[in-house]
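Input: structures, listed below.
The two complexes that follow have chain A in common; it is paired with chain B in the first and with chain C in the second.
What follows is the complex of A and B.
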């Protein structure tokens, strides 16, 4: 068991690939915002890569372990410590009963840390997933972020503590964090020539945009687009603004929704359907980068990708998130 | 696809006598959007076909197809590209479309869900009052503390006529989305097709079971949340997170695609009692009739003189109403 001393800014139970299959019921997949960091943390402690762990956003999470277990911390460097001793990130380590883990604030790069525990965080699965949808208040631990006093159960480890601790990753597999994120993206469903001007598409793939401070697990907002972005002056029967369209389902996680003049990446907990056009989707293998993008500090830029490149990147990523990556 | 790097039309199917041209649009590495027609339109006949085809696609249990998300004129297919290619998926959709070659084939299973509604109830009135107090004091859509008079004004009709229209048609679910358990409900009878603008800015709180209208769609709020639809009453639970009532034993959702909702008026007292029977005693019996929609019969009825005349009369009233109603 893990006893929460301080829930921090936003600490959530998340797994991967999250709650798939309910978009038409108005439920986004949720899931770890940076699935690569959660995946490596799980691999380090001997779990399947998608097992539920804790996603720590912003920092200041603190908790006490009630039993001996093995953990790993990945993602942004929040200067995590055990009883005041710094933890080496991206490695597994054994912790003892009564040990206190404490996270400080976000590091110079990245926005979210992940804590995996051997056996995984054990909350009841809701509609096939242990992920929390904060915005809808369901899944995870009572449908909410963790608070002081919460007692979180831990599952059965897959091996002895001595086997699972002191695991490290091979050279070069840890993903590269930055303050300037390049996201590979596939265009569609609403692009030039009918919805967006050619010039507008070029702008989208050349402009570097600061991540707006209003970004969260549902939506990552970018800088406003110029009016010349649109290929039309209104949305016809869809509405008065050229970004309006008759309601259609949103390809989340990862679609870029154009809401008025504001481009919004619809991510983990985003809305599943609505009346605004969508012009591109961040490829599945790059979704983790969005989760590490720090609002009001980092920038994002899109690079045109293809179906072929995206599928190859998925395959490569899935291969990396396995025991093969252990040193 | 053409050589244009921004072209997203992966494939097409020509229009036939019984359907529009079909476009297959790229929507990501794991999503394609099937779209009916190049022109935006909201017509129930498109939705009937989209949902009938959707049933066929789902009955194929295609390996790698994660889910489908139909809208009124689109269907979003979510798939795993490591298991199935978009080309194979498009071939499956094409086969399904070809198997339904005439309008006679478009027959859709469609239940009728009978929901009691209390017009102008105290809970939705509270949420409107909260909006005025905390969000917009001068909201022109709030008249005498509520939205129903504004709804009447926008459509050039009386409040009594608004209620008659809300009760006088079945409301068709073209597909869910946006909010857990939500459904976008369209009027089957065009003589009851009210249209109203949405709140500007939106509300911060709406009670469970609130019933509202925004644009042409009615929405029954499944859980307490914000929202932008004009409120006119409250119905019984249509969603249950805990899945304890037998109606929700397979999941928290009441609505299925292609369901029709029919409202009947009751008292707020009865609605509140039913909340107890759904959420605490788990013994309320929902009134659901099995049924189907035959697109051909519907279109014949829709295009008949009576219906068309009635629809034109409403549109004339609406043209006057729109000019009188203040913008939001």
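What follows is the complex of A and C.
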């Protein structure tokens, strides 16, 4: 068991790929915002890569272990420690009953840390997933972020602690973190020439945009687009603004929704439908980068990709999130 | 001894809830940062008197930016 001493800014139980199959009911998939960091943390402690772990956003999470177990910390470096001793990230380590894990504030790069425990975080699955949907208040631990006093159950480990606590990743496997994120993307469905001008498409794939402070697990907001972005002067029957269209399903996660002049990446807990155009789709293999983008600090830029590149990148990433990556 | 209360998250300053001359206790909220469409409380790690308020509403903040200076009792 894990006894929470300080829930920090936003600590959530998340798994991967989250709650699939309910978009038609208006329920987003949720799941780890950085599935790569969660995946590696799980692999390090002998879990399947999608097992539920803790997603620590912003830092300051603190908890006490009630039993001996094996853990791994990945993602941004929040100067995590056990009983005051620094943790080596991206490696597994054994912790003992009574040990206290503490995270400090966000590092110079990245926004979210992940804590995996051998056996996984054991909360009841809701509609097939243990992930928390923050705005929907369901899944995870009582449908909310963790708070002081919460007692989190841990599952059964797959292996002995002595074996699991010696894992580290092969050289070159740890993903590269930055303050300037490049996201590979495929155009569509609402693009040039019907909805976006050619000048607008050029702008979309050349402009570097600061992530706005209002970004969260539902949506990552970018800098406002110029009016020349739009091919139309209004939304026709969809509404008065050229970003308006008749309500349609959104291809979350990773679609770029244009709401007025604001481009918004719809992500983990994002809305499943609405009346705004969507101009591109971030490829699945790059979604983790969105989760590590720090609001009000980092930038994002889109690079034109292809379906073939997206498929190959996803296959390569899935292969990496396995025991093959252990040294 | 002077101590600075710093931003712990990037974001916008929503408000500073103390003014110069106020006596404050350890753990007391001195300011609020707006990030991720939520409000994050910034608390003082020391008791003392507010010597200077450096941040104001709508200020663009990064981690470790000083927001309030405290003259501590230590």
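Points to keep in mind about this one:
By definition in this document, the second predicted complex is superposed on the first by the 327 of 327 C-alpha atoms of A that agree within 3 Å, B and C clash if a C-alpha of one lies under 4 Å from a C-alpha of the other, contacts with A are read in each partner's own complex, and residues count from 1 in each chain.
Keep in mind that, in the parts below, a contact is a pair of C-beta atoms (placed from the backbone, for glycine too) under 8 Å apart; a residue touches a chain by one contact, two chains touch by 3 or more.
All figures in this text were calculated on a predicted structure; none of them were measured in a lab.
Placing chain B and chain C on a common chain A by superposition gives a fit, with no clash between them.
Touch criterion not met for A:327: it reaches neither chain B nor chain C.
After overlaying the two complexes on the shared chain, residue contacts for A:272 are found with chain B alone; chain C is out of touch. Of the two partner chains placed by superposition, only chain B is touched by A:246; chain C is not. When the two complexes are overlaid on their common chain A, residue A:9 makes contact with chain C while staying clear of chain B.
Comparing chain C and chain B on the residues of chain A they touch gives the larger count to B.
By the touch criterion stated above, A:307 is placed in contact with chain B alone, chain C being left untouched. When the shared chain is aligned, chain B comes close enough to touch A:191, but chain C does not.
When the two complexes are overlaid on their common chain A, residue A:283 makes contact with chain B while staying clear of chain C. Closest C-alpha contact of chain B with chain C, superposed model: 13 Å. Interface of chain C with chain A (complex): residues 8-12, 34-38, 40, 60-63. Residues of chain B that touch chain A in their complex: 4-8, 25-31, 33, 35, 38, 40-42, 66-76, 78, 81-82, 86, 175-182, 184, 222-223, 241, 251-253, 257. Of all residues in chain A, only 9-10, 57-60, 105-106, 213-217, 294-297 touch chain C in the complex they form.
Touching chain B in their complex are the following residues of chain A: 20-27, 127, 136-138, 186-192, 194, 196, 198, 201, 235-238, 245-251, 254-255, 271-274, 278, 281, 283-284, 304-305, 307, 310-311, 314-315, 318.
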